[in-house]
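Below are two complexes that have chain A in common, paired first with chain B and then with chain C.
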Partner chain A sequence: MIRKYIALLRMKYIEMLAYRLATFVWMTGAITQPLITMFVWMNIHPEESESFLFYFMAVIFVERMTSAWDVWELDREIREGTFSNLLLRPVHPIHWAIAENIVYKWLFAVILAPVWLVGAVFWPPLRPHMTAGQAVLFLAAVVLGAALRFLLSYSCGLLAFWVTKVAAVYGVIDVISLFLSGRIAPLEMLPPALREWSEWLPFRYMISFPIEIATGAADGGELARGFAVAVGWMAVFVAGVQWLWKAGMRKNQAVGG
Partner chain B sequence: MRRYGRVFREFFRACLVEELEYRSEFFGNFIASFFGLGIALLTIHIFFYQTDRLGGWTYGEVLVLLGVFNTLRGWIDFALRPNMPRLLEHVRRGTLDYILTKPVDSMFYVSFRHLVFWRLIDVALGFGVIGYGLYVERYVPSAADVLMFFVVMTASLLLIYSLWMMLMTTSFWVVRIDDLSFIFDSFFDTARFPGSMYRGAVRFVITYVLPAVLITNTPALALLGKWSMAAVLAALAVAMLFLWASRRFWRFALRFYTGAGG
Partner chain C sequence: MIRVSHLHKSFRVHRREAGWLEAVRHLWRRDYRVIEAVKDVSFTIEKGEIVGFLGPNGAGKTTTMKMLAGLLHPTSGEITVGGFVPFEQKPEFKKMMSLVMGQKSQLIWDIPPMETFLVNKAIYDIDDRSFRRTLEELTELLDLAPLLDKPTRSLSLGQRMRCELAAALLHRPHVLFLDEPTIGLDVHTQENVRRFIVDYNREHETTILLTSHYMGDVAALCDRVMIINYGRLIYDGELSVLTEKLAPYKRLEVRFSRLPNVDWSEYGEVAEIEEGTIVLRVARETAAETAARLLERFDVRDINIEDPPLEEVIARAFWEEHV
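Let's turn to the complex of A and B:
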């Protein structure tokens, strides 16, 4: 399996290099929305500018590390029928998707981490104050968040076996996540009702939770509860993908004849 | 000019026929537009949950701005966005040759051939929000306000068209679908809020270099009675300048394209 993965990673890496410019464009595009939101919050609470700067820079970083695009890929592949090619290959298609995610996110990390370092030299508010333990938990939370978002996106993508407007379905989910994952506002700024929802739904664990660990906002019992909820959702999503996959395969063959 | 009017009407008819094939989608699209606007309103509500002014603009004024933004985005999604992937496709496959041989201007053709009608819902909803914002603000625009509003709105549409066209033209060099409109969206999103909210270099860039702020803020201010003749003329001048630049860029790209095609 490891050898297979190395081969997959290599192929995805080459593919990525072929679209260097597109990759770059795509990265810069995702940066503006958090920046705009940051300006709004700095305007509302000028005295907390520095913590907003750290928060929204962290949002950009974590958002890139956990972003998921598989729903659009799957939607297109299933609709156009090219998905069958993937099925013929000896490795389960989800591994191709995972390999692709690893390669791109590795690239994002390699580019963004030095940018952050340089930024931290010039802007003291960007310097993180994390203990080693916090840093480990932060990384664990980022990986967990990436897995959650990937599985959500992949399971939505699999719906393309039944529905033609999968992108729209995912769009709605994404908008909900905009509020509840901490992209529009740090979760503590939300009205209490929304905030409560955010703790039980999976979206917070995709972006906000790692940042809360980094800033020290979540610790002790809150931390343990957060990880428990995230792992719970993880189990739900894994089961969901497996079930959708099986059902989808039956449906797919029925159409293919 | 008359001929282009006729050609445009023909595009309009063809797209309408095409769209009526998919009538069942209308309802879903209608919901989607409402949903999108609801989300934008909720966002502003969350901001104003913590404050009563954003960059010096009150809640009602920001609503008017959001309405203008929504209207303009509706126009983009109606006339411009559907054409972007098609041009990329034409360039990639070389089918742009067929368009170049047609007896209409190629820039006109590639930017208006495909229209998506249900996006006009966003335009209507945008006007609704403008009305609601004015109601919240308790301001009744005078006839001069409304006139100026439509003048700068026209300038804004021209500006948007030029910026969009310049971006679209880069597809001669950058070929991968979706990536390009994504850039425009992220830039245009800055126009959702008052320009006075931004600071430093960002403020300078989106006011003077890529005039996102000009595009939405001036019409909103005009309708709120805060227009000045200088600002209106400046908006028109900038729009003309960008239109000219985009035209030149398209010409330049075409020379490049024929050069590559042989």
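Let's turn to the complex of A and C:
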């Protein structure tokens, strides 16, 4: 399996380089929304500008590291019939998607980490105050967040076996996630009821939770509970993908040809 | 190698009339109908056979092929390919077969074909030596050398098809499903692909099931054909037997200085008529005699007696309920 992954990663890397412009646009385009949101909040609460600066830098980083586009890919591949190409090969199609995620996120990390580092040299508010232990937990939470977002996106994508243009369904989920994951504002600014909800729903663990670890907002019992909830959702999504896969295969019409 | 028994496949599809009012109504009320794409199809193909699978568009050829390749789940019936049940999608099954679709590329679109080959090498567990040897052989047979490092999207259809075949054969499948492998190719490339398939089959005893709308493919490659229409298998047997059965006539192409104005039914069935030339269908046993009569009675410039083209035979088969 390692040999297969190396081949898939290599191929996805070459493919990524073939789409230089698109890759650059995905990278920079995704930064625009958190940046604008940050300026809005800094304008509303100028006294907290520094903490917003750190928070949204972290949002940019975590959002890119956990972003998932698989629903659009699956939607297109299943609708146009190109998914059959992957099904014919003796490796589960999900591994192609995982390899692609790893390659792109590796590129995002290689660009964003130095940007954050250089930024931190010039703007002290961008400097993280993390112990080594916190840093490890932060990275673990980012990986968990990436897995959660990937699995949610992939399971929505599998709905394309039943529904055409399934990306619209994901669009609704994405809007909910915009608020409940902390991309629009730190979760502590949400109304208490919504905040309570956010702790039990999976969205917080896709973006906000790693940032809470970095800022020290989540520690001790809160941290353990957060990881437990995230792992619980992970199990739910894994089971969901497995079930949808099995049912989808019976439903697959392998269109075209 | 391939056993199919009482295979059925039906699809439930939306039915919608044309027009925007209908489109609005369709938003909350959907009519479905069940389309039976494949009905009670049974056949067996032995190791090393090349079988032509023919039928008009929408007859169920590709659906059957997709079930054989494990892409579609049969509604009922049984399939085994090399001892595997295709829709279980076992990796071992995928390693022993390949499906090439002329209308769908399996090469990775934006990078050179060699990259697809390397990915296939890893995921089909092909060792370095076999990979090198097979690739060398395929490169020579299909003249791939100048194509391997160009992005797939910039290859011409014929060039791409040659690479598709190579990608499908790298892991040396025992069973090959070819769905219109020569579609859109020029005559010369069609000829090359056909020759390659024949050689490959002879050398490796690969079992091949082929669909094509080009009768040239069928005539060059297949001794046995299966004809499917409206989802039912209507003929399974030798191609020569089919021709005799369905075309017990010869074509008489007669060119006159001036086309006489007579009742041609006395001589045969008129197949084509145009300025100065007429094509008649005449029973095999009376063809020579009819030709002699025509030569005697009219001012004939040229006369030609031949077997009906395979296209015509097959087209006839498509119209028959059972052959």
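Criterion: the second predicted complex is superposed on the first by the 252 of 257 C-alpha atoms of A that agree within 3 Å, B and C clash if a C-alpha of one lies under 4 Å from a C-alpha of the other, contacts with A are read in each partner's own complex, and residues count from 1 in each chain.
The definition used in the following text is that a contact is a pair of C-beta atoms (placed from the backbone, for glycine too) under 8 Å apart; a residue touches a chain by one contact, two chains touch by 3 or more.
The structure presented is a predicted model; accordingly, all values stated were derived computationally and were not measured.
K.L.:
State whether A:K4 touches chain B only (first), chain C only (second), both chains, or neither.
P.N.:
The second partner, chain C, only.
K.L.:
Based on the superposed arrangement, let me know which partner A:Y19 touches: chain B (first), chain C (second), both, or neither?
P.N.:
It touches chain B and chain C both.
K.L.:
For A:V238 in the superposed arrangement: first (chain B), second (chain C), both or neither?
P.N.:
A:V238: touches no partner chain.
K.L.:
Touch check for A:V121: first (chain B), second (chain C), both, or neither?
P.N.:
neither
K.L.:
Using the superposition on chain A described above, determine whether A:N252 touches chain B (first), chain C (second), both, or neither.
P.N.:
The answer is second: A:N252 touches chain C but not chain B.
K.L.:
With both complexes superposed on chain A, which partner does A:L87 reach: first (chain B), second (chain C), both or neither?
P.N.:
After superposition on chain A, A:L87 lies in contact with chain C alone.
K.L.:
Identify the partner contact of A:F39: answer first if only chain B is touched, second if only chain C is, both if each is, neither if none is.
P.N.:
The answer is first: A:F39 touches chain B but not chain C.
K.L.:
Output check: A:V172 vs chain B and chain C. Expected answer is one of first, second, both, neither. What do you get?
P.N.:
In the superposition, A:V172 touches chain B alone.
K.L.:
Once the two structures are superposed, pull the chain A residues common to the chain B and chain C interfaces.
P.N.:
Touching chain B and chain C on chain A: residues 19.
K.L.:
Going by the contact rule set out above, which residues of chain A touch chain C in the complex?
P.N.:
The contact residues of chain A facing chain C are 3-4, 6-8, 10-11, 14-15, 18-19, 81-82, 84-85, 87-91, 249-250, 252-254, 256-257.
K.L.:
Taking the touch rule as given, give the residues of chain A at its contact with chain B in the complex, in rising order.
P.N.:
Within the complex, chain A touches chain B at residues 19, 21-22, 25-26, 28-33, 35-36, 39-40, 42-45, 165, 168, 171-172, 175, 178-179, 184-185, 189-191, 194.
K.L.:
Quick check on the complex: what are the chain C residues that touch chain A?
P.N.:
Counting only chain C, the residues touching chain A are 11, 62, 66, 69-73, 87, 89, 91-92, 94-95, 98-99, 101, 103-106, 108, 110-111, 115-116, 118-124, 151, 179.
K.L.:
Please output the residues of chain B touching chain A within their complex, sorted ascending.
P.N.:
Residue list for chain B touching chain A: 28, 32, 35-36, 39, 42-43, 46-47, 49-51, 54-55, 174, 176, 179-180, 182-183, 185-187, 189-190, 192-193, 197-199, 202.
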